[in-house]
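Below are two complexes that have chain A in common, paired first with chain B and then with chain C.
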Partner chain A sequence: MAQMSPWLRSARLPMLGAMLPAIALIAALVYFTAWAVTYSFTNLELTGFNSINWKWIGFDNYIRLFTRNGFLGSLWVTVVFTFFSALVGQSVFGFALAASMRRIQGWGRTTVEVTIMLGWLLPDIVAAFLWQATTSTNGFLNTLIVEPLGFPAYNFLASNALAVVIIANIWKGTAWSYLLFSAALDSISREILEAARVDGATGLQRIWLVTLPIIRPHIATNMLFITIWTFTYFPLIYALTGGGPGSATEVLSIFMYHQSFGVGKLGYGAAISVAMVIIVGALSIFYLRQLKEPK
Partner chain B sequence: MLKNHLLAAAAATAILVGAALPALADMSIEYNDSFAPLVENGVKNFEAANPGTKVNLIKLPSDGYQDRVALDLSSGSAPDLIMVDSFLVAEYAGTGYLLPLDDMVKNWDQFQYYSKGLLDVASYNGKVYALPTDTDVRMLWYNRADFAKAGLPDPWAPKTWDDVLAAAQKLKDAGITDPWIIPAGTKREEAATMQGFYMALLGAGNPAGDTNRLRVRDQDKWIGDSPAIRATLNLYRTVYVDKKFGDPSVNYTLDDAGVRKALLDGTIGILASGSWENACFWDCTGANLPSQADRDKIVGYAPWPGDGKPGDKATTNISGGWTIAINAKAADPATAFKVLTAIFDKKNFLDWTVTNHRMAVRSDIATDPAYTQDPYLAKATELAKDTTGRDTVPGYLKVSALVQQATAEILDGKSVDDVVKEYHDALVDEFGADKVVTIQ
Partner chain C sequence: MESYSRATPLTAIALAFVAVIWVSPFAWLLTTAVDPKTRGILEIPHAIGIDNFVRALSGTAGIQFVNSVWLSVGTATLTVLVAAAAAYPLSRLNLPGKNLLLWSLVLLRLLPAAGIIVPLYFTALGLHVLNTVGVMLALTVLNLPFALLLLKNFFDTVPIELEEAAYVEGASLWQIVTQIVAPLSRSGIAVVWFFAFTNAWNEFLLPLIFARTANTFPMSVGLFAAFGDHGAVDYGFLAAYSLVYAAPAVAVYFLLRRNLNTGFAGVGVKG
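And then the complex of A and B:
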């Protein structure tokens, strides 16, 4: 308190007022998290006897995450989906686009940027319809490419549903990585790159040894955001495949939705969401550490 | 100071009155869009007869309807009247969400015509909680052009599962993409349990002792494992995995409308579904339907056969249907009941039943010439002579979800042994070992 600046001291009341929204937000976050954690130890259900007369069942819900089919399989699908669509697809593709677009100006750049942004701006449900229309047996891919080449029509959503969903999400989410990396690359001063060139560094070496280390915090920020989004992503996948066929694209968010509202086991659903929070939290801490400047 | 208190009190009163008034003056009803004409015309009649009372219409799509209703009821935000699938009435009534109607129906002259059996499904602990809109039967619909192409007999009357599988093989040989689709997996929700799994299950075991069901009714126990359950899962495996008669993705990438269109287009040859399809293949609301003769040229149906083993049923059937109930928290139950009886008033109800080829739930409608002279309804009613209902006790919703999960695991390629074990263990988790039985 002794260190408080005179300005702050005189404005204590307005400061408290300004903090109210933040306090309300934190309270709401704590409330909902506490709700999920509390109910994950109960057999609360959406309807029926257990919706009113729920009991504490200890760690049963958490034990079932590992002893019953579903959670581990969905976790694996989610990891594959997140790794390939966000970390590999959106990041690498977004960076490559941002790097290659730097020399291009004018209408060429505008066209590419608008195209990328379209995927981002299109509502998920519309995007799901487009991808379904594109990849179905009588969709564009088949009628325009596969069949003219003499191959029989191929149902992409039947045997390669996860791949289709991953590609659709790369298409949808690359804009964010592109924008972030574009801004990051703009912040690198030309002199440093020129100096590297004069010292004889090749193109790849300049990217690997100069550019990437400089934008390292941006990479970590980008990873942090897209991991959180992608790990808990729901609408496009649900609208496109409903988690199927079978459980081929049943990511954790869809698994939780089925268990909570299809089966009606809110307690189990809460345990699934707590597990998701723990996983995403651990990943976030990892990325936040990467944000620190290397020693 | 006093002035401030008075002001606050006045404001609080205004808010309370403001909140309470619309609740008294207005009604609201939540319904599935395939029942739109029944509800909306009934509401129109109600509003004409009760000027000043407005009924808010909350029309929701069929896909996901059940989840939305469950959420609205459990969060306390459900409207005065709610359309509920009949199998959920006992579940919701047992939770205290619905208002018992006994005191009100006894003063309504048309209540006497409701079928006793269907009211049982809409009852819990001896009290009626909802009024049925329709009932149904289930069958195998087929595309006639596909059958002609494959050289299959039409009219078609398979006697056993093997007959259907043989027909599916011929359809496949003739180049039909999905010869036989039995609803499966978690996205089809109740359709996977009822149009698919239960229809097969009923024909896969001896009806004595309920060995062909999900539940031994007189013992109050769920069946965790039985030859009939294994035979049914094996049928799914044959269709979706071994013979690839249906592509699993049909059950996920297409909604109801998409599956119907696929049957009309002939990419699906045989579809396990129900009597409502006579209208729903074209338009569930009954508007813009081709003539019955034109529809009969495009699709036909056959009863679901049993598995062909001696002692098992020759054909199977299970009936459901929908209902409309009143929210236990409705502010003005008497007016809500007036809306209900306006919807189910004979003229409105009869018009809708006949236009949409729904199966009647009331004797005054079933004996009306407009109904008896409809050839489609007459034939479907034949099927209803040997039918049964779901195990509509609290808990069925969970069992049904586990059945859907089991079929999804078959689509994933898991073995019947693994799937049955998981199903059994999950039942024990939910109900306890003493409530789950294994039939050898």
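And then the complex of A and C:
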């Protein structure tokens, strides 16, 4: 920490002044957060009588989360989406890819890396358009594979929307886990793995008993980030299915958007966001403890 | 190393398979975009032409491109200016609890942005900025915690001795900041600028709520509105539009690749 040099003493006031815009915007961010929490205890609506003459209704919105249809179903869709696309898909697949790519160098590696990076770099809405075009009845999945095999064209988005959304998100998001696990695997010394091999450990044992415990902090870090992102993810799913058909892909962020700006129940929408924050917060604490725990 | 080489052919086949699955949507996008007579299926283009790209950059689509550039450049510049002005004093001055403050801000920001959409909407409505400027301000607010933390850590690595020497030589604060600190921090500032640029370029939810007419949409909402129109789907136009929209986001990454990889290594080390 720098002691107060004459230079800093002379510059102190203008420097503090330069911080003011940032302080104002940060104050706004904190204020908005507090405001969102406050909303959740009112019956505020987007239009009509309750948009002006709103009143406090205590915990009614929160009780509604559990007594009305919608929230619990949407929570379940979100859990399924997060579990399969983030944990099983991006994490496990990203790890498998990183582990197998270690043996491959040169253009093969570059090709695979650039390819999965492209998915990650693509704007969400472009990814949504691509997957809609891929899976539509005249998309290339049908014209190239399903129809040549003699089956009638299959409308994937009508019948298996959640699966399509999950696969699209794996396709889009694996690069992050892949890069993180690649860096983690690079940090393991070859001697340790070689020693385990000499001691007669099989490939699976080496991964399970040597590699995974060493990179445990990286796994927890990865889980933390992708769970937060996936649990609250909106654009790709919304642009691909709009939450449908019915409410088959209505994850919590879309449910909140529909309740707030479709139905116009802003108070209820705010309660949904608060519930999302609480769930994500609890999951984060869980992962952070995994991160700390020595083993 | 024998066990490694034995596994290789099978692994190579699996990886090739993965690469094909990953790349085929892109192949479709490319062949569709360059084919003026496309039928929207994956095939060798009938002809190669730029008709689709011309349509994707003219009329409303062209305006939306300009909107996106304005929104992203504006957000990135505003974020860097506000964040740098605060991060530099945070790095230099001995303010109590500044690290705790920064980290709690970043934690606050990890929470879903969707949660504060409603207050943002009302504030923008009240300030009459339910437009691109409103999105710009909102994104700056949302970007600020990360930008502050990144820039503060970056300024910490710039040695203070140079500034002290300049001060002794009689340089003013403004001269020191613009002629010593700024040039030394170029790469850090660039990373934050492009980070905010990409964020704004990809942003969908805020303009979806803030922008009302096709002429004010950025490309994210423009593309969504175009393929949301369930009429005859104009695949050639949409594919070209997608490529135009995706190109800057991809280009920025490859420009900054080395810096970003260092960032990833940092994530790994901190664990």
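Just so it is clear, the second predicted complex is superposed on the first by the 263 of 295 C-alpha atoms of A that agree within 3 Å, B and C clash if a C-alpha of one lies under 4 Å from a C-alpha of the other, contacts with A are read in each partner's own complex, and residues count from 1 in each chain.
Methods note: a residue touches a chain if its C-beta (ideal position, glycine included) is under 8 Å from a C-beta of that chain, and two chains touch if they have at least 3 such contacts.
Every value quoted in this text rests on a predicted model; they were computed, and no experiment measured them.
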Between chain B (first) and chain C (second), which does A:P148 come into contact with in this model arrangement: first, second, both, or neither? neither
Where does A:A36 make contact in the superposed view: on chain B (first), on chain C (second), on both, or on neither? second
Does chain B (first) or chain C (second) touch A:Q132, or do both, or does neither? both
On the A-aligned overlay, A:G106 touches which partner chain: chain B = first, chain C = second, or both, or neither? neither
Just checking: does A:G200 make contact with chain B only, chain C only, both, or neither of them? Give me first, second, both or neither. neither
Applying the touch criterion given at the start, work out whether A:M276 contacts chain B, chain C, both or neither, answering first, second, both or neither. second
When both partners are placed on the shared chain, which of chain B and chain C touches more of chain A: C
Based on the superposed arrangement, let me know which partner A:S187 touches: chain B (first), chain C (second), both, or neither? second
Does the superposition put A:F261 against chain B (first), chain C (second), both, or neither? both
Those residues of chain A which chain B touches in one complex and chain C touches in the other: 132, 136, 261
Touching residues (chain side chain B, partner chain A) in the complex: 67, 70-71, 73-74, 88, 91-92, 94-97, 177, 185-187, 189, 247-249, 251-253, 267, 394-395, 397-398, 401-402, 404-405, 408-413, 422, 425-426, 429
Can you list the chain A residues touching chain B in their complex? 45-49, 51-52, 64, 68-70, 132, 136-137, 155, 157-158, 161, 240-248, 258, 261-265
Listed in rising order, chain C residues that touch chain A in their complex are 3-4, 7-8, 11-12, 14-15, 18-19, 21-26, 28-29, 32, 40-42, 82-83, 85-86, 88-90, 92-94, 105, 108-120, 123, 140-142, 144-145, 148, 160, 163-164, 167-168, 173, 176, 201-202, 204-205, 209, 219-221, 223-224, 227-228, 233, 235, 238-239, 242, 245-246, 249-250, 253, 261, 264-265, 267-271
List of chain A residues in touch with chain C within their complex: 1-2, 4-8, 10-12, 14-16, 18-19, 21-23, 25-26, 28-33, 35-36, 39, 97, 100-101, 103-104, 108, 111-112, 115-119, 121-126, 128-134, 136, 138-140, 143-144, 171, 179-180, 183-184, 187, 197, 203, 217-218, 220-221, 228, 231-232, 234-235, 238-239, 253, 256-257, 260-261, 266, 269-270, 273-274, 276-277, 280-281, 284, 291
